[in-house]
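Listed below are the structures to be examined.
The following pair of complexes shares a single chain, chain A, combined with chain B in the former and chain C in the latter.
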Partner chain A sequence: MSAELLTLLGAWSIATLRSATPLIFTTLGETLTQRTGIINLGIEGEMLAGACVGFAVGVATGNPWLGLLAGALAGVALSCLHAALVLGANANQIGSGLAVWMIALGTTSYFGRALVGNQVTPLPDLGSQLTDGLPFLGSFFGQMTMSVPLAIAAVAFAAWWLAHTRTGIQWQAVGESARISSENGIRPKVVRLKAILLGGLLSGFGGAILSVDYTQTWAQDMTKGRGLISVGLVIVARWKPVLVLPICIIFGLAEVAVLRMQTAGWSISPHLLATTPYLVVLLILIISHAAARRDTDMPADLRRVFA
Partner chain B sequence: MQKAIACFENVTRRFGDLIAVNDANLEIFPGEVTAILGENGAGKSTLMKLLYGVHLPSSGRILINGEPSAITGPADAMINGVGMVFQNFSLLSALTVRDNLLLAWPKTPYWVSENNKGTKEVLANLTRLAPHINPHSKVSNLSVGEQQLVELCKVLNISARIVILDEPTSVLTPAESRRLHGFIRQLADEGVSVVLITHKLADVEACADRIAVMRKGQIVDVSPRGQKSMSEIVTLMMGSDVKREISPPALPKKRVEKLFLNKICATAPGMSLKDISLSIAAGEVVGLAGVAGNGQALLAEVLAGIHPATSGDVALDGISLIRRNQMETLATPLGYIPELPRKNAVVENMTLAKNLNLRALASGKADVNNEVQDLLTRFHVNPPEIDRYASTLSGGNLQKLVSARELGRPRAAILACYPTMGLDISAIQMIYREIFAQAEAGAAVLWISEDLDDLIAGSHRIAIIRDGQLVAVKDNDGKLNRDTLGAMMTGLKPERKVA
Partner chain C sequence: MLVNRDTFLVVSATILAFFLLIIGFFILLGKPPFEMIGMLLTYALGDAYSISQTLAKTTPILLCALAAAVPGRLGLISVGAEGQLYAGAITGTAIVLAAPDLPAALMLPMMLVCAALGGAFYGYIPGILRARLQINETITTLVLNYVTVLWVNALVFGPWKDPASQGWPATITFPSAAILPALPASRIHLGLLIAVAFAIALHFFFTRGASSQKIQILAGNRKVGEMFGLNFGTWVIALMAMGGAIAGIAGIAEVSAIQGRLQPTISIGYGLTGFLVSWLSRHQPLIILPVAFLVGGLVAASDALQLFAKVPAASAIILQGMLFAVALAVPGIIKSMRPGYER
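Our next item is the complex of A and B:
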């Protein structure tokens, strides 16, 4: 009895972690970008580009790691456009982000047609001879790839880095006020450029994990708004990198629950059922706002974007 | 003669058509306090921001230790030993004191932790200067005086040879100002050049060695302290022999109570008013003194009917002015000049004419008329163009615009919050003249200000607010002075002067 329960729990946690991993990377990237006072709605597009390029390179080379790397670089390349528009031309950040998204949606749909139906070599699982024989851990590690521990490590490192390094403190400062930062000898545009590029890197990587590692397929517009969800999850995580992990996992859990409910044959429309993760996140947002009692922990310079 | 540490040679800085600094020549010597004195907008801050690298000169050059300055930004300035404390501070209120100090320190190690030497070193000056400040508390939790200490620590941390202080005493209580003056002298004695940007003669008297006077972008005079009398310096500052003499009109013989505040209580986030009672007679000017953030803003909003009161009442000629709930719409009969007029008193994307007639617009009577043009001219609003948008006016002119609306027509009572903020001396004179004219015509005036000298010179009575309560209401009988008021404002005993 307990063994069955354990297997079920194991299956759920694996599914949740794997579903949450792409989101963890993109949300972490967007959190760091927003901490410097820049909002990038283009991460949806950067994620798509990462998924498309990553899958293509993975298929072509047969090496999933090269695919992930290429996906991350595609994200960086696309984020350069956002940086050029926002920092170079002082464009409206929302408008620029949407433009980046649309460009990525169009180009990946066009170039991605050739990829549909292709097979990609998956990342090796973490199972080893040591764990294979074990009843519970065996299947747990057998279904997990390197991407999950990588995501957890990235969050932990970013949270620590932001609070405990010179650059991290500078990033926070720029997000609070570009003017005051520059009076303190920081060059805000350089910091923001780095933050946008890092956001692009992590989004592209997250997108590549989605196509190469998680679904192992390519489909047109396969991110289906996950990038924009990340922008929302940043708010739920109150701009704190450390909260990115639990928030994304809760979202992933809700997604998995929806899939299970569908397969279990619930008589609710799958379209309605698919709204569950968003309702859960909305609920958390309301609770956390009510509990915090302050309006937000939003970086002060980010408000400028909406002013 | 000593060698100058910094030297301005024919420096000019333009912003579009505006010449902020015009052909300035100035030498700054080590171990000296150089005061840069001038009216608001005279170019004092811009001149020093050129040295600190916030702006670059349009023409001319700056020498540091005899070499042309290679400073192209504040980061360079810090490396070259130039530190600046800005008027509105360069602290990030959402970050901790320690992080703020680390940000401004060129030697900050990459990995910051409690144990490494670099991180400890950055706090050394803080421990020496202000041991009571917890380095891990957020700057937003500090008082203004404490924030200034943190700013000074930043400058000390870079071992600055030139320390620029921009209007440092404008936010301090008299006691805090005196402590700062002593600290400035101490820095100079250690061989540091201190540049003190100020428009207060008290600062100059307290600690300057040399006085440079600026007017309209030009340095009109540089002289060692003691060479010129204070009245000569004031004359230089203002260009003409305008004296800042203000005196309120004589009180009417018969006292008629006009504006009556009865036990007002109100709460707002972070502030509450407790039992404020005050009665102001027709023709009387009552000054309200207090350190910023002790409830002045809330009191003003309650009186103007913007913020509801939880209990108590305000009556003007026996008619209640108070707002009972948020849904009520009422236009205040007071002439009300709020603080921060850009935020609180104008509609920026409306013309000057409409802004002057906001009350008429609200009541549906659109009587935009030629009275408007007269008001703009009478209150020196520059440029006096009725079709110009309010957003295009400078801060000082916006203040004059609001004064024109509130003081330009007869009022039964005046509520003025910092009515002279950002104005030059001739405009200040004009505003006071208009306020006193209203009083002479029978208005009750409540005047909120931080300028104690002006309050003492211009009020019949002075009320002191602290922590949302009126702690004293004193007749201005010639016995009040800065120290007694300052003591009541802070709740401390008047400090004895430290030699």
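Our next item is the complex of A and C:
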């Protein structure tokens, strides 16, 4: 293969991975939450809050890592509302998620106005003298930041943790039946609280990755449905953490293809091109439902709220 | 059903809690809370002009609430009114652009029917996906919302752009035959009448007659319904499309009566607001009527407060989110305070 093609391949792979990274964190978080039998549509709002707060702190401190941390905490704070409504007041989970989203949408568009046009210090890239100038690796590592390996590690760790640790198995048990697990000495509400907060943490972190690391800007409603898409991708990934990675990469690929077509000056309307990621998500939802009966993998307790 | 003691308790506690939250919200903003609440009420209902503004906001909210209520009666959670509203705006505008010289007597019905068909089609897609493949309708409707908004953008920046409008992305101004009639010097238009008529018709559709029982049985227990020979999937598709049609009319009504042409922003989240209204009203059309009016007042007054009291534009959606959260929390909290309740 020619060196030019390899460079191009390297650039596409890393662009795809970087575009997928925010989504990997949110989808992983939602997967773990749903494994305990709780659905949280509010992760759209938690992601938005993470993006907004993360960007603000990144700008204020000049330290992107502090920004990411603050974004994750903002996600946790907002997920407390979902937990209070769903676990504290037995509210409908879908409704509660939408309420969380509305509150976050309004609040971030208010506080975010001051952030528009600001510059944030990005995470350093992982390129080094070792890889610079090499055909594939040069462009790959030159544009990679720690967020990508972190996302992959998070997926691997979550998959191992859920399947092979005592607490991971307890989480799964709660998702299958809160009643039976409580008869066996597990406290389902505590487990679900932890799962909602962890989902909030990962969504907020994913949102912060989006604004601080990936786009390096803030714009009102900048997640544009990524959190909602995550909820759909959890179904496609059949509630398995391992599958979160390839599924999110499909979405990343669609998004990168759109960006490349736009810059390559295709004569298609950019607005029309921008519909592609949503249609791709819809398409993979259709394919995954047509290919298998999804009921088999769905946590049984989730079915009651989310048939 | 309408007023028993439990509902009265829940409703009054919800209003009280929301009131307290509004006070807290204005204190956080550094505004005098009671003065602000007074202004909210004045700008929502204070005089003829305020009421006309409130009714102008009520119209799309009411239609979007009905659009959510129709599938809601079957237990479906469709949050797709926003996308269906944009779909109806597109197909309704298409007929105006295709035949701008039609007389009003032909133009208006054709425009409304086209918009309803566009919205219906956009409800039909998640409907058939749910009916045939069991794909959750909440996810698909939410994701589909983003698509039609982008289509409107593609059209008004592209083929439908009025060359005379220079930089501004919009179609030509609608001919007067394509403008929904309105009360003189107000923004109250035929759309409101249509919306109210739909609410009343849907009330009868859902409480009397043969289909009302079928829907009730299917919503209560799908398996029992199917033993009676009812097809759940068919009803899912029918009610999703019906809801979409109603939201589609909201879209063309906004374009025709309020904006006078198709441009990128038709709705300020009416779809989500309508969903909230339908939820608060437990999908009952006759309760949706007053609730849509109250929430319409909240939205209209927030607009005015933004202008006159420098309250942030985002207040409307934050207040709606808070109302939603309170309405979700209160029934559960009251229930848990009952004696004999076990966690």
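The rule is simple: the second predicted complex is superposed on the first by the 297 of 307 C-alpha atoms of A that agree within 3 Å, B and C clash if a C-alpha of one lies under 4 Å from a C-alpha of the other, contacts with A are read in each partner's own complex, and residues count from 1 in each chain.
The criterion applied here is as follows: a contact is a pair of C-beta atoms (placed from the backbone, for glycine too) under 8 Å apart; a residue touches a chain by one contact, two chains touch by 3 or more.
Owing to the predicted nature of the structure, the values given are computational and were not obtained by experimental measurement.
Within the superposed three-chain model, A:Asn184 lies in touch with chain B and out of touch with chain C [touch as defined at top]. By the touch criterion stated above, A:Thr165 is placed in contact with chain B alone, chain C being left untouched.
Between chain B and chain C, it is C that contacts the larger number of residues in chain A. Contacts of A:Ala237 after superposition on the shared chain: neither chain B nor chain C is touched.
Shared-chain residue A:Met47: touches no atom of chain B or chain C.
Using the contact criterion defined above for the overlaid structures, shared-chain residue A:Gly106 touches chain C, although it does not reach chain B. Within the superposed three-chain model, A:Ala300 lies in touch with chain B and out of touch with chain C [touch as defined at top]. After overlaying the two complexes on the shared chain, residue contacts for A:Ala173 are found with chain B alone; chain C is out of touch.
When the two complexes are laid over each other on chain A, chain A has no residue in contact with both chain B and chain C. If you check the complex, the residues on chain C that touch chain A are 77, 79, 129, 133-136, 138-140, 142-147, 150-151, 153-154, 157-158, 272, 275-276, 279, 312-322, 324-325, 328-333, 335-336. Residues 54, 73-75, 77-78, 84, 86, 90-95, 99, 102-104, 106, 108-113, 154 of chain B are the ones touching chain A in the complex. Those residues of chain A that touch chain C in the complex are listed here as 41, 81, 84-85, 88-92, 94-96, 98-107, 109-110, 224-225, 228-229, 231-232, 235, 269, 271-272, 274-275, 278-279, 281-282, 285-286, 289-290, 294-295, 306-307.
Taken together, the chain A residues at the contact with chain B in this complex read 164-167, 169-170, 172-173, 176-177, 180-187, 299-300.
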